[in-house]
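Structures for review follow.
Each of the two complexes below includes subunit A, the first together with subunit B, the second together with subunit C.
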Partner chain A sequence: MRNLKWHIVAVTIIALSLAGIYFSTHLFIPTSAQGAPRIIDVETKQFAFTPETIHITTGEEVIFRVTSTDITHGFYIDGFNIFTDVPPGETVEIGPVKFNDPGKIKIRCATLCGPLHPFMVADIVVEPNTPYYLFFAATIVVGIGSIVYLNKPRQSPALLKRLFDFEIDLLKIKKIGPLLKRVLQWRGIHFALLLPNLLIFVIVLASGFFGNPMGALNFSIAVVWILWFAAVEFMILFASRFWCTVCPLPAFGEWLARRRLAAVHEPKKWFSLKKVWPKSLDNIWIAALGFLGISLIIPWLVTRPVVSGLLFITLIVAALVLHLIYTERHFCLHVCPASAYIGYHASASLLAVRSRDKSICDKHIAKECVRGGPKGYGCPWKRYPGGLDWNNYCGQCFECLKACPLDNMTLKYRAVDKDIQAKTHTKTDEAWMGFIRFTLAVFYELVFFGPYFWIKDWGNMGITMGANLLSINLLTPTLQGFRNWLGWAVIVSSVALIIFPAVFFVFSWLAKRAAKDKENTSKNVFLAYSYSLAPYGLLLWIAFAITLVAVNWAYPMRAFSDPFGWGWNLLGTGNLAWRPFMSNYIPLIQAPIVFVGLVLAITSTHRIGLNLFKDQKKAFRGTAVMGALHTLMAIIFITLLMG
Partner chain B sequence: MDSFISKLQTALRKHYWNRFPNTEDNSSHRKIRPVEDMFEYVFKAWNAKLDRKTECALAGSKLLDSVLDNTGRRFASNVEEANDLYLAGMDAASFLWDELDETRGNQSSFQIKVNEIITALQKESALGKEE
Partner chain C sequence: MSDSYKNDSNGRKKHWAIWEILALLLLIGSVVATASAPLLDSFLVGVKPNEVLIRMYAEEAGGFEPSGIVLIQGVTVRLVLMSMDVTHSLVIPDFDFDSGPVHAGYRKVIEFTPDKVGTFMFYCNTICSSMHPFMNGVLDVIQG
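And then the complex of A and B:
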């Protein structure tokens, strides 16, 4: 009964918050400003609007007087059907435009103006920014509500249990299960999934080196860094490491080392030195720092085809060489930056390859899932699949499903924090992967969709040209440009590697004190709590991915028709006009996603606390302190999106 | 030699031979086919100069796999079946691997050993049928 009351209170708070948001944004609009429309001068240049943020009163009419100081730019406002070219040397008047809805919307460049064009934005804040204030308040309500809810151990109602505490054996679902099992146990499935992806990859490389130097018009940028980049985040949540199943990067090395494309063990020597991977490198430090390193050049990477091409070639060569030296997937395990973050967040995925009954695996002597057998290779990720309780290092190659003669391996759909519940060990490298990913979610949002030009420009080293292999020299930065980039690199690295972890440590230390715990070391508590960032960070990245796709979806569609940006129109989408999809509603979609992330972070923190302290009261106290930090982080992100 | 043969006989009798109903084709060749498959694997692996431990273990798995194939199954019924056949297969493979080492891969002497084992097994499988 008491539980029911709590749920009623929680639902009422959420309902009131949502009603409040709706009514305050639509009913309590201040009377419109009197008199003639206000004229606002806006100057455009590669890749900035000045002013970066424009404040307007709700109901006010505005005429934008726009000029360009370099080349032709475009002018588009989210939610308004305005697409205007702004040629250099001309003053273009746009409006009057009446802003009836309060909140933050974006001005975007609507005419291709250079590599950073998709990210040339400015903010319009229509005051009073009630959506922001309400979502700010809602963040606090969600944060505190989640913490208070965890005050006492409760039996979740059936509906919540079904939603948040389920585990389904996908291979046992009627009709679909056996079919899926047959498909996954078919030896050719990996190759069949990889092959189309490999063809796409060839186009990515070719267009990267020889296609149009303008990123938005090039397949290697438009498809990889808009479509793939966003899709992977969703894939992690719903399909765990499915990308690793179809990733072409390690394929060449693996095929060469095994000396076959799809078949399994025959008595043949592997084409590999079969060296043992160094123990000191048996972690994800290289991959995590690699991801940070790549992020430091992200304004180049996602806008210059040749930079992407070079990165992919480097990764393929690295994968090939490592396969030939160490045989198994050490490239994926220890080196690949994408694998590191996909794996880290995969622990918060709904999908997992697991054993049906661990005790059967333990009793089974042959362990074909580890050593390999007549029907499948041993785990190329060097795991014991039968004992898996953590998604990080399962590459979903499904070899264990094929190799197991006991039909004990399966595919499970389960609650997102199942891995965190089962987590028994902590690792520093994994913790830092979490800090890096979380910090970079904030930075990416700032760099790509924030209005602050200097951040983009510093990361971009001040270069305004796109480049392919033939014009790579255009990427040579000035000394000042390089200095600026160095400054940016130091800021980003310091926050990701030192400042955020330090803040997290302080909070975890306070949490330990609040819990009056003497059993665990501060380091252990700090590392354990860091795993709450796995679901939280993933949801923040999903929020980021939504903007990326909703605003820029037209570029990949064009690139499918014209991969090299040479004016082809193979599929009829080559001339698709750039039209952002519901861009004025994006923050309203993103904010609830951030809330889900916040709730997951707090509930995960509580589960971790229970594992650590073995006491509900202590776990709750710890959660209260860490929950405050999580709520603070959500407020920062909501402010970036809406403030 | 006797110990691994008796282990192999026990495992096959328990998990393979007794699966043949009287009406089915239960020719002696079919009854020893998994063992032949396994020995063929050992011979190939030895000639490819592969690692003894790994390949003998794989040969054990091969025996189980072949038993499953010959009984029209994809999976073993239980862990006991999987373990028994695997261990019996591995022991037999190790014995033959050592024989190959000793005779430096002489095919005819290898074939003699294989025939000895197969004859012993055939006798046992026939006895099993009579029982």
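And then the complex of A and C:
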């Protein structure tokens, strides 16, 4: 108990002093900056501000003199109630604006000006940038603190144990448990969850192909790439693969192959060639590289409705064809890029489908969870649900909960590192999925919410038009645009596939040296350690998603009222104005999330080290080296946010 | 084995087929209904009989839609101007009509009474793309 008290005291002191230092930085406003306000000329164009970064002293008054070199833009500064139009051919004076709070904020375009409008930003650094220095120091404290904390085996105090080392059988909770069980065992539940989602999907396809060419006003972009994308990142953490439960992409294939929408049909009567999935493809390489491939066209995908529409229809057709050839969820297991990353991070999720007592499953010969039975299909994801200890490839279809005659399958809420604790994983395809996801979380923060125009422009092939199916010709790039895009493609793929994995390898090799380990190959140590990126990467993506939603929440709300961007107003939200939510405080919400990610990365690294080296001292040395890399990555991310 | 798929544990026949058919009808019905939503545009866009809807796209993406309108001399209409992609405006120089900027995703409703008979051009007066100078349409005013 004494131990616990100290923890609480320490955490409180740290939290209070951080808050104190942060707010005290706001008290010292220099009064020297008197006299006439400084005039700063700002030029706007599709989709950039010049200058890209503006340095201002705290307390200074500034007048912005803004012009446009092409079409009408707008001017908004985080935390100020300024939403001004900048029409072409005029010089708009904004201000005087007084900057009292130190830190980095953004200028954003406030008037819809084209597909990349949501990413048209510039930085204002209000000097001295004390919040950044503070959070920079805090990152190091969190990183080194976590490493040092792991230097000897610790008996976690009760509170920490409850927070970080719990496992709850959700179906045994009083009152809610039995109800949840009935719902999940009802044969119609999957169909009932799918149907509304499928209708949303019909709207996504229709609006993608025929709706407004401008992404921000089109359901297929505004709802999918702002709301869905962000929701899924949170969903992975709290509900594992729940998206896969309700995903409509493979539904047509599955229904057709089973020849049933909800009821169980005998496997031998399925409508499928029932081929065996090739051994060489029994991995997630296609999906991981597909995810990278999608990233190469991401500036188009998330801004042009037709590109999204084409991607989704391709995935539906692929799922349908694969179901009819191979039966079961091979599309989800090996092809779907979203499934691959959701699954990869799901190993760090709080929710899991597990058996209550594995020994019962092992002794039970009938194994309906694998072979199927009259109450439920055998696992469509080709797992042995009774023996699950790894979330990656459990699609949460809940068929095993229905099929099990022994009532031994359940839903568990458990600590995030349970899967990593269970055993060492060393699969190259999964490792690279982790590298790609982690790299892109950092890279996207730089590209989409950084002020550097050239990199957005390279990815966008320099095209200023939106497009639906009828105006797809507008996406024809110039030769120069295409060359620039090749440059972008080389940068993205080399960073994600080679540079970051190489850095990670060097660190893992050093970690192995530091641990004086002779049992494991360097390759295995490298691959095993890469799984610490599962919780880390997920939290960085959550941090990224927060900006997207906080700034652009108005677009999905509008799209629900006006899915095609044609001026409808079904629910009364069709005319919502674009108003960022607390955008000047976003980094202060993101930073703690990054810190949680960092702590989870380091503790997971330690778990992996314990599994690999079977020795606390060796594991700690490995953790110290890998922890340095994790801390370094957190510093880079914090610098992007606040520096 | 196959009996257990047809009958429940008490040996009663399962009525799965009814539920399957219901689910199928529900599926097809709701998908068709949702997919036909675009056809309801003229109802859902909320334009009254005395209003004339003009959607404005960049010239590359279609320009004014419709690009030709017919009005009756002396009859007041409300022009519903809707910008679809970026900021546009509509001017009819012969009538000294200028809508001022209309932002993408919003509409401006302006009363307009044509007092002359003839064929007139209307233009976009806010630079909106590289093809902006070609963004125009035709207004026919006929005698009532």
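Keep this in mind: the second predicted complex is superposed on the first by the 615 of 643 C-alpha atoms of A that agree within 3 Å, B and C clash if a C-alpha of one lies under 4 Å from a C-alpha of the other, contacts with A are read in each partner's own complex, and residues count from 1 in each chain.
Note that in this section contacts are C-beta pairs under 8 Å (C-beta built on N, C-alpha and C of every residue); 3 or more make two chains touch, one makes a residue touch a chain.
Small disclaimer: the values here were computed from a predicted structure and weren't measured.
S.K.: With the two structures laid over each other on chain A, which partner does A:294 touch: subunit B (first), subunit C (second), both, or neither?
M.R.: So A:294 meets neither subunit B nor subunit C here.
S.K.: A:503 contacts which: subunit B (first), subunit C (second), both, neither?
M.R.: Neither partner.
S.K.: Given the superposition on chain A, which partner contacts more residues in subunit A: subunit B or subunit C?
M.R.: C
S.K.: Look at A:371 in the shared chain and tell me whether it touches subunit B only, subunit C only, both, or neither; answer first, second, both or neither.
M.R.: After superposition on chain A, A:371 lies in contact with subunit B alone.
S.K.: For A:325 in the superposed arrangement: first (subunit B), second (subunit C), both or neither?
M.R.: neither
S.K.: Touch check for A:471: first (subunit B), second (subunit C), both, or neither?
M.R.: Only subunit C is touched by A:471; subunit B is not.
S.K.: State whether A:489 touches subunit B only (first), subunit C only (second), both chains, or neither.
M.R.: neither
S.K.: Of the residues on subunit A, which ones does subunit B touch that subunit C also touches?
M.R.: In the superposed arrangement, which is not itself an observed complex, subunit A uses residues 265-266, 373-374 for both subunit B and subunit C.
S.K.: Going by the contact rule set out above, which residues of subunit A touch subunit C in the complex?
M.R.: Within the complex, subunit A contacts subunit C at residues 70-72, 85, 87-89, 111-114, 188, 191, 195, 198-199, 202-203, 206, 210, 212-214, 216-217, 260-266, 373-374, 464-467, 471, 474, 558, 563-570, 575.
S.K.: In the complex, go through subunit A and note every residue touching subunit B.
M.R.: For this pair, the touching residues of subunit A are 185, 265-269, 360, 363-366, 368, 371-375, 404-407.
S.K.: Which subunit C residues qualify as touching subunit A in the complex?
M.R.: Touching subunit A from subunit C are residues 1-2, 4-5, 14, 16, 19-20, 23-24, 26-27, 30-31, 34-35, 37-38, 41, 44-46, 55, 57-58, 60-62, 82, 84-87, 101, 103-107, 126-129, 132.
S.K.: Per the contact definition, I'd like the list of subunit B residues that touch subunit A in the complex.
M.R.: On the subunit B side, the touching residues are 41, 44-45, 47-50, 54-55, 57-58, 60-62, 64-65, 68, 74-76, 78-79, 82-83, 86-87.
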